[in-house]
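The two complexes that follow have chain A in common; it is paired with chain B in the first and with chain C in the second.
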Partner chain A sequence: MIYKWRRLGENSLFLAPSIILTLILGIYPLFWMLRYMFYDYAGYGEALFVGLDNFRRLLRDGLFWESVRNTFVFAGGKLLLTLPLSLLLAVILNGKLRGSNLLRGIYFMPTVISTAVISVVFYNIFNSYNGMVNTVLMKLHLVSQPIDWLGPKHAMLTVIIVAVWGAVGNYMLLFLAGLQSIPQDLYESAAIDGANAGRRFWNITLPMLAPVAQMVIMLAIIASLKGYESIMVITEGGPIGKTEVMYLYLYKLLFPVSTGSPVAQQLGYGSAVGFASALIVGAVTGLYFFFSRKMNKVY
Partner chain B sequence: MQKKWLGLSLSLMLAAGIAGCGGNNNNKGAATEAPEAGTAAPAATAAAGGNTAASEPVQLKYWTDDRHDQEYIKELINKFNETNGENIQVELTVMSENYAQSVDIAFTSNQAPDLLRLKSGNTAEFVKKGYLAPIDGYLTDDMKTKFGSVIIDNVNRIDGKVYSLANTGLTLRLIYNKDLFAKAGIANPPVSLQEMVEDAKKITEAGKSEGVYGFALNFKSPKAAFDRSIREILSLSGYQGLGFDLKTGQFDFAPYSQTIEYFKQMYEDGSILPGAETLDIDPLRAQFAAGKIGMYLSFSTEPGVYQDQFPTEINWAGALAPTLDGQIKGTSEIVSAGTWLGISAKSAHQEAAWKFMQYMYGDDILKTYHEKGFGIAVVPSIVEQAKKPEINGMEGFLVGEHDSLWPAVPSVTPEGSTYADAFFKYILAGGDAKAITEDLNTRYNAALTKAVEKGEVTVTPDPAFDPLKPQGE
Partner chain C sequence: MNEHVISKQPAGRAQTAPRPSGHAGRIAVRTVMWLFLLATALLTLFPLLMTLTGSLKTGAEMMTGGSLLPAKLQFANYAEAWKQANFARYTWNSAFMSVMVTVGTLLVASMAAYVVDRRDFPGKRIYVTVQASMMFISVGAIVLRPQFDLMVALHLNTTLWGVILILVSAHSSTFFMLQGFFKAIPRELDEAAMVDGSGFIRTFFRIILPLLTPGLGVAGLFAFRHSWNEYILPLVFTMTNPKLQTLTVGLANLRYGSSAAMQIHLMMAGACLSILPMLLAYILANKTFIQVTAGSVKG
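Here is the complex of A and B:
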């Protein structure tokens, strides 16, 4: 009994720093935000109680709903490209390939580089007047005029490409971990039974990977819906709001971008937008879990 | 078991060590130690500057978002650090982007600098947030005489208290590449917007094959782009440049929308540099320095930029901005004038900060600042003494008969998109200009009414306002 109490004491001591930090940095701000959803508050001076006004404004705020639409386009595009690509890479690199460790490192590298740095580089690669992409395309005579990669027509595609480049290595690694947990003897017996590589992939790899894939896809959905950092650097949500995503819109309300004359912070309304955004991400994740529940039972 | 406790003890020691490393913050508790704001007499607040000469140096942090003058300011700071005789050491931090946001974060997290670069656009906001200490108590009679005529309400004097003194202002001009104008057969810079549209088209036609375009602006941030261009065109045409009607005390974006039509025309003509939609100001400058842009509108900081940041061989100049119809019916607004340095209300060393501020506002420094072309002097006694700046291109930016200081206009935050975003969308995607203008008027005036009701701004309509004499002289 004494041993148990001592054990509990030790555990609590080790857990205390993370619990305290979580409470201060994670839970307290959440309650702070929940409170200010009902206030008109600029971060200084008096906070004015406005009841549900912020939510009424939210319902008629075209910019917010446009950003929600953009978020789904961005997340959808990113997921559709990232997940198959990272799975494909994982399967290839899981085989007996010469230099596969080096390739894993190369594909994973974008994950460890700062998003801001990557985005500045991509801004320069894609800018239309002297960007590398246009220079190469024109030298190869594939296009006669520079393509306006960051213009209203293509900006979303460009930020999706950058996002995919940054994420593929990460999900590849997670899929790889999943693949390596599949027992080799299953493949061996399938091979003895005469199953070819395609059949082994469909009948063994995919089903066995399902529980891992369920988690990876969930992480990817949440990250895609919340992602805004690279967009902020590359386009600042522009041009004309074409790449304005939900969390970038939220960021601008809470930390308005200054261009000399300051724009007031809108902490009250920003909190309401943050709450609505979290609800949307939560709802999508919940729906995904509901529809993917069978994936967990495959193995 | 012993091993476990040994491990636990080591972990605790390590944690304590790490915590100790992070705790050494000069500004910690500054709010409570700070003397009453600068309204007190200098002798009464001598806690920081003079008495510490023999002990530890007084460390002052000075934040600015000016990049164009940083080498000169560093030089001045080094000289001050070596010669002040009171062991005051100033450390300069030059912020690149989002200055106001960085200041907000610094004050919120109790890491505020002691001195701040103030501009007419952010001083009132900083005062409202409680960031600044008034300096009335420090001002000597000589300083009151020297700066008295350029102390403007709601710019550097707020609610009767002075927070900063004037140094320079920025004039706004059309910046154009003379060689490209000549190549396109254009003799002079445009005086009307119609001419500007035509010139941009001619320059593009003459140079497009070499990647040369008639016009560009940093549209990555539409507000930054319009506030350095349309603002100027409008004030010279007789209207306040940020959409506010000083006569009625209400927002009216009708003149703004007229100007936008010409920008839209240039976009439709293909006279604007491709990719300008996401162009930042520095890449724009790099392209202008490379001779790829015919003209753009910007501040009098540009000559300094082309001397230090983007040295260029091209033959360029600054000229008065074009007006709506070619007639000058107002005066060009000297922007960001009236303020320069300010002291943090949270600083524990306000006395020392004032000593540095006093040094920076010395005649020689202000004079040299103008002569080196970092800004255009607006303090009358400095204007009289200072020589013309010896910097290429600056002659086109000097204060002339068409330049003046305008009254401050209220800064409000409307619901929905800003005027800059709304009009930029109109340029790129079209729409109903009249409806956009009415919508902006409605939203901005609603925000204004709300701000007035909350006591955040005061508005005094001036039906007799004369854009040719904005200060009423």
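Here is the complex of A and C:
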């Protein structure tokens, strides 16, 4: 009996820090949000219960829906460039290749660098009048006029380029891990049967990679719908809201001071926006999971 | 085909089918492939090269754009950034925060992972499920608000300890990683130690943890990278307390400075100062970073 109590005590002691931290800093904040999305609460003073008013306001909030649209443009552009590029790199580097390790190291490097810091660098090199990108393009005579990379027309493209730069190496590595788990004898027997490289890619590599790819693509979708750090540093959502994404809009409602945004702090409404945003990400993930479920089967 | 046959060939060696087609065609394919690989590598390195050369230019050179390489190497930029732009302080804050987060995360996660791996207790499945869902539930900046208010209530917002606690509370991915490493340590070792009269706590700290060193190293590297690169959290906590700013925050804030335009060369020197430690760690531990990427998806 004493032995049993002692075991229980030891278990509790070892789990206590983890459980306490998770409860207080992980779970409590979720309930905080679920509560305040029904209140009109500015962060100081009294919180006023308003029922579903925050959600009614959300439906009519043009800025929010604009940010949702931007989020999908951003995520779509990023994924369309990142996924094929990283898969291509992974397939090439999976073959016998001299210098393959060095190249892997280089492509993966962006992943170890702080997004905020490298965004400061990108902000400077994309500057229209003295940025290095324009200097290089003009020296190569590819453009005659400096391009306004951070202006309303190209800002979205610029933040997508930065996002792709930071993500390709990561997904390349995940694809590479998947490729290396494909048994080699499949390729050998296919080669004996006379299948060429293209056929081997379509009939062996792609189907065998599908389950890994399903997970990798899902992680990529979630990450690109949620990412706002680099946009915050490069454009702060501007110019004229052209790069305002969902989670950045949410951040500005909760901490307007740090972005210098003129919006008033609105924690109640912010909670509703946070809930809706999480719901949108969840819905997209769910839809993707439903339509990609075939990828899970390997045969 | 038989999928259960273990491939005799080392992983990563792929399709080596003899191709009867033209020699010239193969050379053309190889050339295109290498051009693509090198172009991608160059684009990946471009912003880093710009940071390095930019950090060695004068402010005037940065302002006019101009050449890729500095006319004369300005090593004084580093001294100026270190002293004037306060990078000494930022570096200290970053280092302090990252070391504390790493130690804290490893301790909390390894204790929990040990108990979960070695023992049964009521609620074990609930605990594991909650930890797993903590990795996926995300409502963006919204959880920051209650976390911030909690730290204010505890008077931890005037030091970096608030940020440290919050970062340690997000230890679920480290927990799962370490649990995997614990599985590899035979249970007989714990039992033998217990038979020799070593208590539970003593066995853990004296016998098991030392055996876990490789696993702790990998997990620690990831925890360190994560906290060193963290931006939003320290930004929120240092809004009213610039003395606590970390490298990421301090650097990004230089953009808003009144004379920011004059300080691009200092920003680049600062960016180098904040990127270099991670880059060095990466080059030294390249293999580790590349092999263990699961559970640390960024992008």
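Simple rule for what comes next: the second predicted complex is superposed on the first by the 270 of 299 C-alpha atoms of A that agree within 3 Å, B and C clash if a C-alpha of one lies under 4 Å from a C-alpha of the other, contacts with A are read in each partner's own complex, and residues count from 1 in each chain.
Here, contacts are C-beta pairs under 8 Å (C-beta built on N, C-alpha and C of every residue); 3 or more make two chains touch, one makes a residue touch a chain.
Quick caveat: nothing in here was measured; it's all calculated off a predicted structure.
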item: First (chain B), second (chain C), both or neither touched by A:P152; value: first
item: Partner chain(s) touched by A:G268 [first = chain B, second = chain C, both, neither]; value: neither
item: Which of chain B and chain C A:I240 touches, first, second, both or neither; value: first
item: Contacts of A:G178 with chain B and chain C, given as first, second, both or neither; value: neither
item: Partner chain(s) touched by A:G77 [first = chain B, second = chain C, both, neither]; value: neither
item: Comparison of chain B and chain C by chain A residues contacted; value: C
item: Touched partner set for A:F255, first chain B, second chain C, both or neither; value: both
item: First, second, both or neither for A:R104, with chain B first and chain C second; value: second
item: First (chain B), second (chain C), both or neither touched by A:G62; value: first
item: Overlap of the chain B and chain C footprints on chain A, listed as residue numbers; value: 10, 13-14, 17, 43, 123, 129-131, 255, 257-258, 260
item: Chain A-facing residues of chain C, complex; value: 1-3, 5, 7, 9, 11-19, 33, 36-37, 40-41, 43-45, 47-48, 50-51, 54, 62-66, 68, 107-109, 111-112, 114-116, 119, 121, 127, 130-131, 134, 136-147, 150, 165-166, 168-172, 175, 200-201, 204, 225, 228-229, 231-232, 235-236, 239, 247-249, 251-252, 254-256, 264, 267-268, 271, 274-275, 278-279, 281-283, 286, 289-290, 293-294, 297-299
item: Touch list for chain A against partner chain C, complex; value: 7-8, 10-11, 13-15, 17-19, 21-22, 24-30, 32-33, 43, 82, 85, 88-89, 92, 94-96, 103-125, 129-132, 134-136, 163, 165-171, 173-174, 177, 179-181, 183-187, 189, 191, 195-197, 200, 219-220, 222-224, 226-229, 232-233, 246-247, 250-251, 254-255, 257-258, 260, 267, 270-271, 274-275, 277-278, 281
item: Residue numbers on chain B that touch chain A, as the complex places them; value: 4, 8, 11, 15, 98-101, 104, 108, 119, 121-122, 125, 128-130, 211, 219-224, 227, 242, 273-275, 277-279, 283, 287, 292, 336, 411, 413, 415-418, 421, 424-425, 428-429, 454, 456
item: Chain A to chain B touching residues, read off their complex; value: 10, 13-14, 17, 43-45, 48, 57, 61-63, 123, 127-131, 146, 148, 150-152, 155, 234-236, 238-241, 255-266
